[in-house]
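Chain naming follows the written order as A, B, C, D and E, and within any one chain the residues start at number 1.
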Amino acid sequence: MELIGLLNYALFMAIFIGIYALLSLGLNIQWGGAGLFNAGIAGFFAVGAYTSAILTSPAADGRLGGYEMPFYVGWAGAMLAAALIAWPIGKICLRFRSDYLAIATIGIAEIIRLVIKSEEALTNSARGISSIERPFGDLPYVSSQAAFLGIVLFLVIAAYFLVQRQFNAPWGRMMRAIRDNELAARAMGKNIEYRRLEAFIFGSALMGLSGAVFAAFNRSITPEAIDPMVATFLVWIMLILGGSGNNKGAILGAVIVWVIWSVSEIATDQLPHEYAVKAKYVRLFLIGLMLQLVLRFRPEGLLPERTTGVTRPEDEKSQ
Amino acid sequence: MDFMELLNFYLMPGIVLGCIYALGAIGVTLIFSILRYAHLAHGDLATLGAFLALAIVSGFGVSPLAALPVAMIGTAVIAVFIDKAFYNHLRERPKIVTVMASLGIALMIRAVIQVVWGVDSESYVRGIVRPENYWGLRIRDREIYTIAFMIAVVVALQLFLGRSKWGKAMRAMSDNPDLALLSGIDNRKVIILTWLIAGGLCASAGVFLGLNTELKSMMGWHMLLPMFAATILGGVGRVDGAVLGGLIVGVAEELSVLVLPSEYKTATAFVILLLMLLVRPTGLLRGKVL
Amino acid sequence: MLELDQLVKEFTGFRAVNGCSFTVREGTITGLIGPNGAGKTTLFNLIAGALKPTSGSIRFNGQDVTGLASDELFHKGLVRTFQIPHEFHRLSVLENLMMVPPKQQGESLFSNWFAWGAVQRGEKVVARKAWDTLAFLELTHVAHLPAGHLSGGQKKLLELGRTMMTDAKLVLLDEPAAGVNRTLLRQLEEKILILNREHGYTFILIEHDMDMIFKLCHPVICMAEGSVLVEGSFHEVRNDRRVLEAYLGETTGDAA
Amino acid sequence: KADVKIGLLGGVSGAISAMAPSMLEASNLAIKQVNEQGGILDGETLEGVIGDSACNPQGGTDAATKAVNIEGVSVLVGPHCSGAVLAASGSVSIPAGITMITPSGTSPEITGLEDNDTVFRTVSSDDYQGRALARTLKDAGYEKVAVAYVNNDYGSGLANAFKAEFETLGGEIAGFAAHEADKASYRSNLAELADGGADTLVLFDYGDGTGLTILRQALENGFFEKFVGADGMKSEALIEELGPENLTNFVTSAPVGEKSDALDAFNKAFQADGGDPDAIFVTTSYDAAFLAALAIEKAGGDKAGIAAALREVSNGEGETILPGEWAKAKKLIAAGTAIDYKGAAGDQNFDAAGDVPGIYALFKVNGDQFETMTEMK
Amino acid sequence: MSALLSMNEVSGGYGDTQILKAVSIEVAPDEIVVIVGPNGAGKSTAMKAVFGLLNVRSGNIVFDGDDITSWAPNKIVQRGICYVPQVDNIFRDMTIHENLEMGAFLKSGDLSAAFDRVYELFPDLKDRPRTLAGSLSGGQRQMVAMGRALMLDPKLLLLDEPTAGLSPKYMDQIFQICRDVRETGVSIMLVEQHAKQALAFADRGYVLAAGQNRHEGTGEQLLADREVAEMFLGG
């Protein structure tokens, strides 16, 4: 019983870590790869979650939806919608320097959040959408979790593989060059706008996918889920902690942050509740402090980006 | 709607709010241009200032205005301490690292406030204050203080930055820190000075916000984005720009309910900001194109 | 090959390039000299698409290229170096070179995902070329250093190296000699000549080093205050009174 | 002996962090009574495991998963916020077959969940309160009101129900607007609402949050003469900050136990325990926990049978059990006699969807306390 | 003759990499010393070492009787050394005038004499003192940078390739200025790639290569040295 319970919880954690790993990989393409400071992750996450929700949920009064499509259609739709939203945003905002882009994307995410909260006909406003299809949702609890985890793992591995390829290829080198010196990259014939947009859209699509997975897992999506604190900043902490520019780091960051986040709560939950309430704040304090310590002692993250790239041994010989 | 109504219920609140944003935005803009990062703990630092003043008000029974200078000094010192303890050693790193660190600091400050003062709303003075009526203009003392304080601060700061040696040193350091060092400017002093100014102003923003509304543990955090919008709107690195930006954001937020559904009020600041970035990314008063 | 017609570039209230016209013939090395602030670099920025001219037109290989972005011009065969080095400071020196060749297959996401083998083969070719260039520039020992850690002169060499990584038709060199050790510079001159004679590169060269101009350039154009002052052979220009006054200075003039 | 656990998923951090502590205290009171009166099942101790649902879906599922899997709880009391309830039930409690009773998830969306009859609530849907408030106001002679509501599931649920009912009854809504929480100024919002010409503002928000700000700014600037709130506005903070003298024209509805023996019993016990029986959602929190204990006892500890047992102990038939009467209930259950729990917040007879009708009263401020004016129908 | 500045067997580098290997350089009062060498030899690094911008691992640096090894740069400036780096040597967002003003940051009182002197040396700057330095041409920037350093009347001036990018006319002028400045009692240590010209007017010169001293001697000596000429001066 205890063991099964722990296993169940481990499954759950792994699913959540997978969801966040997708976000953090998406961010890694944008920030680690192309140096785009997207502080509106929550927005793309939300677009993905709601798109898949609308596509896969049963009909309901007074709002768009009721297409009851299979989950994979919903998820593909989520990626597409996030990418489509990212396109004009990227067109407009990618000209800005990184801090500006950050603030612009925060603003856009906030606007997306307000639209979701307020436009009843589209998203059922503050009540959210429930009864979303979850793949393998009809299986018994444990097997359903395990099967879902299987899907999530597949997605994370696939995403990792694709992104890793990109980073190690001339594409990655070109993006780092663009990040380093835009003017020179342009003079060397690189189409910066196009490349950035490419990275931004691809990263956003992954974020949208993550949102769809999240909605399916919970079978519901409500506006609280897209609070920037959990859907944007936590992801940033994951990436910075793990090591931006390094895909393993992005995933490792998701693992560590979520485990610490959850385990520290198990610890504080043991306290009597009059302390437990304060302990929540102490816990936030400790998480902040932990971040400081990491930045102090591993400012490049646990797995830093390899700044000087890959040179294979045969190159060395050829000289 | 007649003009007096527009003035009393839309413009005045917008201006007062704008002054508060401006006080915060000045600090943001200084840090942005001199130390070169977006300081995300600025809002929570303002909250801290507000609660420090609350502690003084309730501890010694003085008026909030009397507590203001003490709170400003206290917060300024804390800001310097935070910089020393947490940001200083990140100086050589990419700026984003410091941005992340400041986010962590925001969490830490907020947690301290929540542990010490709890999460309930508080206020400096219980009860309500009805406005005086000056020939139809309805305004409260505290609103006059807010506006007057902001004006005084801006004038003083402009003079300081433009005329004094240290003001110029701050600009030089924002421009080329290495060269500033070679010119004999002690960068550490400039940084301390920057934090003293930013921290003090930040506290004043918090106190005035608390004075005009309530004190809540999240009050500063919610002010953060409008402050950044104000900063960029006015042009990064420009004190006068921050003020202009703050006022515009404040007034626009209040006026927005006339044209937009009121649930979109929060979005006003961003919409202005995005338009600004599109049309003129250097801000209204030509700031640094960072 | 390159025709400039009445180019003007105005910065707020200041004309840096003021009605500049000249023609560059294919296969030449054109020297561009002139006092500091004459507008030489600005002219390069206009030709290379980093700035858009206020008025006037640029024709390259018979096509009107006025106002094209620099990446498009690069693909038409126009490469430039920067007076103040613009290296990719976090990329290794080797990567700085390897990123240059255009149309690398690995720059497409699609190829990376589905044609990894071809990408790898392309990399090998590019790497060989980069190593050769490094060897020539005496930078082999710093190949794996981040380019930001190079010395000032090494960065200038790297700038030059980048132009060797593509099949350029027209190369704009902005003061390649400034800060470069003279012994090495003599070798660079050789290389430029080889590129010019054997590979058919056309050069425009901004320099203040008269030895280099003398050795390489014909014709030489002297600019002053945004427009062409004199154009001709090195000796014609060198002995022009206005050039002596504005640019070379009396002492050097006397010595010559 | 092994403990029997129930999960108390509070919104300890997040939007309602100010209310959560007293709600948890009330739930803990029920647990304490169970343990004092012989424990649960074979004299085992009942233990309440607190989890923080943080008032958002991520927190809700996390806390629920921990409670169900790591702690092995038999029943979940909570989460406190509707979004967390939807997510936690969808991904955890329904698939795992664990019964969930929320004391404060008031979203109408919860009614329609496909939950295999495992999701219940001891608080009524916002729909009920909004409609009841509309009827009461209309009866009391309010004809023309403006409505301001916080833009979340709570505010919009109440406001829409109120609006529909009030208009059906022939009242006029002369202003209807949502607002985002935590802005510094709402004066322009108020001016805009007041433009409709109503003299009454109905405010669906939280009294220790934005509701306080709005009410203060309305009072200070002389917008509106009368103010009406719903349960969220019934907060001590309001009286403390604004002063009772300024709140003479303020009334607020809130769920109450019908004046009943049950409520008295609870009030007494909670007061003795150091709690404030007038705090928001404490009665529902208590009922949820006590019902959970009864259901566990009835089902003999079998988790799968708890949902059905819950209906049995509260379906209105059988010997009445009042708050605190654990020993009696235990004896009757052992004897196989049918029991019916009458809760502090009402009879707690669940309908087919697991909802209860609410019982509300209108409160006004008297001295530094809220005081019941009228019951609401 | 006691040296004004002496670097004694200084070793050090950036982070872990060792760049300077026991480099010794001396500058006497009223002396112009030129350092030449291939690119990447460590010339700029040697200057940074003097200015406390380097991890000095062994050896010491003595200036005017004080051991200034690892002093903070602002103290070194105060002590009377000014430094013009090779790159990034102006405040881009400040006007020419303000750039000069920052040069005299440590000086109080009337600056007009100092301004006059600099403007006299560089009349180009005088014409538009309110121009942002960032918009100047490469050569004009070099002038601003020099001017900034001269504002403080230092005892020792460190110039890292002051003539790079300057027109021949200005190159001569800069060398002339160096001589003029020396006349006013300022010693100069400069790095040059225009090595022949520089050695011709300098009092003494050092040749650095691969982070080590290779040759030293008076300007004429070095110019006459066949090996030096071939290896380092371009034949």
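We take it that a contact is a pair of C-beta atoms (placed from the backbone, for glycine too) under 8 Å apart; a residue touches a chain by one contact, two chains touch by 3 or more.
Note that the structure is predicted; figures quoted are calculated from it, not measured.
Engineer: Which chains lie in contact with each of subunit B and subunit D?
Structural biologist: For subunit B paired with subunit D, the chains in contact with each are A, in label order.
Engineer: Given the touch definition stated above, what is the smallest step count connecting subunit A to subunit D?
Structural biologist: Between subunit A and subunit D, the shortest chain-hopping route counts 1.
Engineer: Based on mean C-alpha positions, I'd like to know which chain lies farthest from subunit E.
Structural biologist: D
Engineer: Would you mind checking which chain's C-alpha centre is most distant from the centre of subunit C?
Structural biologist: That would be chain D.
Engineer: When the centre of a chain is set as the mean of its C-alpha atoms, what distance in Å lies between subunit B and subunit E?
Structural biologist: Using C-alpha averages as centres, the distance is 43 Å.
Engineer: Go ahead and note the Å separation of the Cα centroids belonging to subunit C and subunit E.
Structural biologist: Inter-chain centre distance comes to 28 Å.
Engineer: For subunit A and subunit E, what's the span in angstrom between their mean Cα positions?
Structural biologist: So the centroids are 51 Å from each other.
Engineer: What are the residues of subunit B that contact at least two other chains?
Structural biologist: In subunit B, 261, 263, 266 touch at least two other chains.
Engineer: When you check every pair of chains, which ones turn out to touch?
Structural biologist: A-B, A-C, A-D, B-D, B-E, C-E
Engineer: Quick check: in the complex, which residue numbers of subunit D touch subunit A?
Structural biologist: 8, 10, 12-13, 15, 17, 20-21, 24-25, 28, 49-52, 55-59, 61-63, 65-66, 68-72, 81-84, 86-87, 90-92, 94-97, 107-109, 112-114, 151-157, 178, 180
Engineer: What does subunit E use to touch subunit B in their complex?
Structural biologist: By the definition above, subunit E touches subunit B via 51, 72-74, 77-78, 82-83, 85, 88-94, 98, 101-103, 105-106, 148, 152.
Engineer: Under the stated contact criterion, what part of subunit B meets subunit A in this complex?
Structural biologist: 32, 37-38, 86, 89-90, 93, 95-97, 99-101, 103-108, 110-112, 114-115, 225, 228-229, 232, 261, 263-264, 266-267, 269-271, 273-274, 277-278, 281, 289-290
Engineer: Please name which positions on subunit D make contact with subunit B in the complex.
Structural biologist: Those in contact with subunit B are residues 17-18, 151, 177-180, 182-185, 187-192, 195, 208-209, 212-213, 216-217, 219-222, 237, 240-243, 245-246.
Engineer: Please give the residue numbers of subunit E that touch subunit C in the complex, ascending.
Structural biologist: Interface residues on subunit E, with respect to subunit C: 14, 37-41, 43-45, 86-87, 124, 135-140, 142-143, 160-161, 164-173, 193, 195-196, 230-235.
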